[in-house]
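Each chain carries a letter (A, B, C and D) given by its place in the written order, and its residues are counted from 1.
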Amino acid sequence: MGVGAADLRRWVGAFADTVVANEQLLTSLDSAIGDADHGGNMARGMKAVVAKLDADPPATPAALLKQVGMTLISTVGGASGPLYGTFFLRMAQSVGDADELDTAGVGAALRAGVAGVVARGKAEAGDKTMYDALAPAVDAYDAALGGGELAEALRAAADAAATGRDATTPLQARKGRASYLGERSVGHQDPGATSATFLIETAAATLPAP
Amino acid sequence: MGVGAADLRRWVGAFADTVVANEQLLTSLDSAIGDADHGGNMARGMKAVVAKLDADPPATPAALLKQVGMTLISTVGGASGPLYGTFFLRMAQSVGDADELDTAGVGAALRAGVAGVVARGKAEAGDKTMYDALAPAVDAYDAALGGGELAEALRAAADAAATGRDATTPLQARKGRASYLGERSVGHQDPGATSATFLIETAAATLPAP
Amino acid sequence: MKKLINDPADVVAESLQGIAAAHPELRVDHTNKIVYRADAPVQNKVALISGGGSGHEPLHGGFVGPGMLDAACAGEVFTSPTPDQMLAATQGVDGGLGVLHIVKNYTGDVMNFEMAAELAAAETGVEVVSVVTDDDVAVQDSLYTAGRRGVGVTVLVEKIAGAAADAGRDLAAVADVARKVNAQGRSMGMALTSCTVPAAGRPTFDLPDDEIEIGIGIHGEPGRRRVQAMPARDVARELVEPILADHDFTGSGGVLAFVNGMGGTPLLEQYLMYNEVAKLLDAAGVRVVRSLVGPYITSLEMAGCSVTLLAMDDELLQLWDAPVRTPGMRWGV
Amino acid sequence: MKKLINDPADVVAESLQGIAAAHPELRVDHTNKIVYRADAPVQNKVALISGGGSGHEPLHGGFVGPGMLDAACAGEVFTSPTPDQMLAATQGVDGGLGVLHIVKNYTGDVMNFEMAAELAAAETGVEVVSVVTDDDVAVQDSLYTAGRRGVGVTVLVEKIAGAAADAGRDLAAVADVARKVNAQGRSMGMALTSCTVPAAGRPTFDLPDDEIEIGIGIHGEPGRRRVQAMPARDVARELVEPILADHDFTGSGGVLAFVNGMGGTPLLEQYLMYNEVAKLLDAAGVRVVRSLVGPYITSLEMAGCSVTLLAMDDELLQLWDAPVRTPGMRWGV
């Protein structure tokens, strides 16, 4: 039993809930090294995504992921809008017209999404961005894939994302708004890496068949 | 031995010292029911007065009082500039070309000064202004004059000024900036009545021959 | 207190030096703290001067130039300038047709301008007429008080009377139109925060984080009432209703609606307030024919705003639209 | 947090309603949050759009009008607008000669405008050229970072490129002069206080009463260094010295000197700062040929200021002096 549109819908819904519940946290992380809007940006976008999906539920994984990406792009703005938007658009491209994704398919889609983030944002490892959570996550996913279990792979990915997120704290930012702070960006956890970790954690919690 | 230019100079100097020492007090009283500048206004003016008198010491009481009044008018601004300026100019007119003032002459000059304040500012008793300190002061001076002693008369005047000043606290202002506050002006001591009390108190401390 | 200043005693003088350096079209008399248009005195035009305490910028120095003031006298922060300054300005701008003094109704301003007018009459041949603005409906008006404060309408008086002078009207006629603007204009203001007078060094009043002052003036003086913080739409009602209750603005000429920032409130919020005010006026049957939004008469860094309405007619419209060229207000040239 | 707002989520939409109500010469697309000049699209003129997060007013919506921008896209507070908005604006202003996108160098702004340009190329026939401003010397520039922020020079780019478009130049030439202004301009800013993003509800950073931030941007982000509060003359040095160290402004064309208020600093202090800046420039052999003082690119209610210098020449002088008619900048018409 693979991952279908309904599973993806569950994931996106859980991500939206988590983002909304953590809006203050994300904003206060962004206050320290940015402009105090990451929570608001993500909450606004994910609420719009959920409203859109409810109003007009897409039937296929690709349609759903595309809808999510397009909605984020047109409602978020800032850095996170294009980045998360591109992430989902590239996932949509990756899944093609499949009705269900197997474990490898999920991994390929996530990797395509992360590649999209890099294509758009040019971040490298250690720049102190969401990429520092996403990149280890897809690597861990692929490494765990040998085991064959979706739940296991996603759990490994989520743990790696959290580790990557935590590892952003001592870094000096080289991309995004935090880079303006130079050395003063050291010692603060990156807000985008934090929301990206929610993304992978909610995938681990929702995508494996319940 | 009457009051000559040197005595008046001592008075003005003492008033200047007191005003400068109490600049914060006057400004904080003015913060509560005005615009937080009475201390600065009076200090700026009295410093200018002292500088002027030092640079070019007038020989007669009238010349000195006129110099004080003109300097206050041209350096203070606000409500207190014209009022205190007129006070001293009218005193100057009152003393005429006398070299020394006797006790009655001092009383007449003070009364003329207060009349000038009224002519300029149209304040009445109970309006919560400097007039509420000045008017009882000259009345008390005249009442004490029967005793004939300058020191006694000035002491009575200073006490009356202080009483009048204290009595401004429960009043609702009807003149000056505090009147804009309506009922909210009640419960605060008037800054101008406070500086006017310094004026009379320093007179009591300095004008009687030492 | 944190401010972009050096010694608090030098704030006004140094700011005037900045104005002089930034505006070749103005001339500053630093001794008397007067901002002149560079070509003053303009011959055969009624001249206008105003002045008042500093801290209300762009008022008045920023309104010096063709179509508005010929000179402005700067007092210390929130302290009326002195008669000497006003007399010097009066003599410096007179182009032979006399000088209008535009005076905001504060005891200090009124007395100092009065003394200046007395001196002008006694010592010079310059004809002076004074017009006092007193448009603040927050203040009870009575024969036995200092009367209403002059606030937002002062900006409109300076613009419109300036245009009347430019149009060649004589001193009496320019004074008449100034008085008409004052008579047909009303204002009301509010504050979210106090300002800090540089020499005082701390906020004039303390306002808790959940309270606001309604009915403030432009000198950091506390307002008539302190109330719980409220949404912009309710603030707008607190300002507009007393204005409409005080004067009829439903005339066919419509109104000029002016939302003024007090100095520390972002333009974003000023436009949001204008939106609320416009909706209330619409509901009250008041037609807006001109509008003005921005920080024109401020109270240092105070956060808050004021609303001014001016009942318009063809004459005022034409004078309002006439060209003006000052640092703070400019169009048509 | 006390602000003149209703629901924090509605601040931008309601402020745009106020702009629409106050400015008949502008037209607002409320769905897409775009401020257009009312007569857009202007045929046979290169069109200019810009946009960015809200909270910097008058930038950008206040700079829409003849001689400057054809449209401005408003994002949420401090959040870049989306590609949809920019695409709609691009199509709405194109008069046949293409559209210049003026983009401040922030990751979000750059990516969103990039996507808009891609969409314009894919979905419309409109030719788009983007110019990115990055004038903030507080930020280390390097291939491996996001580069410098676009700040004060953006105002000057919008004015000067707008004049170039009005003068009939083609898209490539308008883009060239925009790039030239950016290349010849440098800025540096500082803050006395933080601002408060309405949705966040509390100040972005806490600054003790005796400390200031040097090297801030326009989004309430903390600066490069936190230092003890200091007199205005020393603040001016902190801002001017890095600018002069970064670029040679002693050329014979002189400079445009721009002192910008961050939103919460009184004009009185801005002119005082200008005075300090002018003295430093004089001492450094830099000749000021034009100046600009006021809150033109703000950061909500932040107290503080920035300094921008632009090396001038005859071309830039002429374009700077050309008529402009917008709510935030107006002369010559």
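One rule holds in what follows: a contact is a pair of C-beta atoms (placed from the backbone, for glycine too) under 8 Å apart; a residue touches a chain by one contact, two chains touch by 3 or more.
Not measured: the values here are computed from a predicted model.
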Count the smallest number of chain-to-chain hops linking chain B with chain D, moving only between touching chains. 2
Contacts common to chain A and chain B (chain labels): none
With chain centres defined as mean CA positions, report which chain is farthest from chain C. A
Cα centroid separation, chain C vs chain D, in Å, comes to 29
Can you work out the whole-Å distance between the CA centroids of chain B and chain C? 32
Could you work out how far the Cα centre of chain A sits from that of chain C, in whole Å? 54
Touching two or more other chains - residue numbers and ranges from chain D: 77
Give the residues of chain A that touch two or more other chains, as numbers and ranges in rising order. none
Chain touch graph shape: choose line, ring, star, complete or other and state it. line
Mind listing each pair of touching chains for me? A-D, B-C, C-D
Which residues of chain B touch chain C once you look at their complex with the stated criterion? 27-28, 31-37, 39-41, 44, 73-83, 120-121, 174-177, 179-182, 184
Provide the residue numbers of chain C that touch chain D in the complex, in ascending order. 1-7, 11-12, 14-19, 21-23, 54-55, 57-58, 62, 77, 192-193, 209-210, 212, 229, 231-233, 235, 263-276, 278, 288, 291-293, 295, 298, 300-301, 303-305, 325, 330-333
Any idea which chain C residues touch chain B in the complex? 53, 75-84, 106-108, 111-112, 114-115, 136, 138-140, 144-146, 149, 197, 199-200, 204-205, 217, 219-222, 224
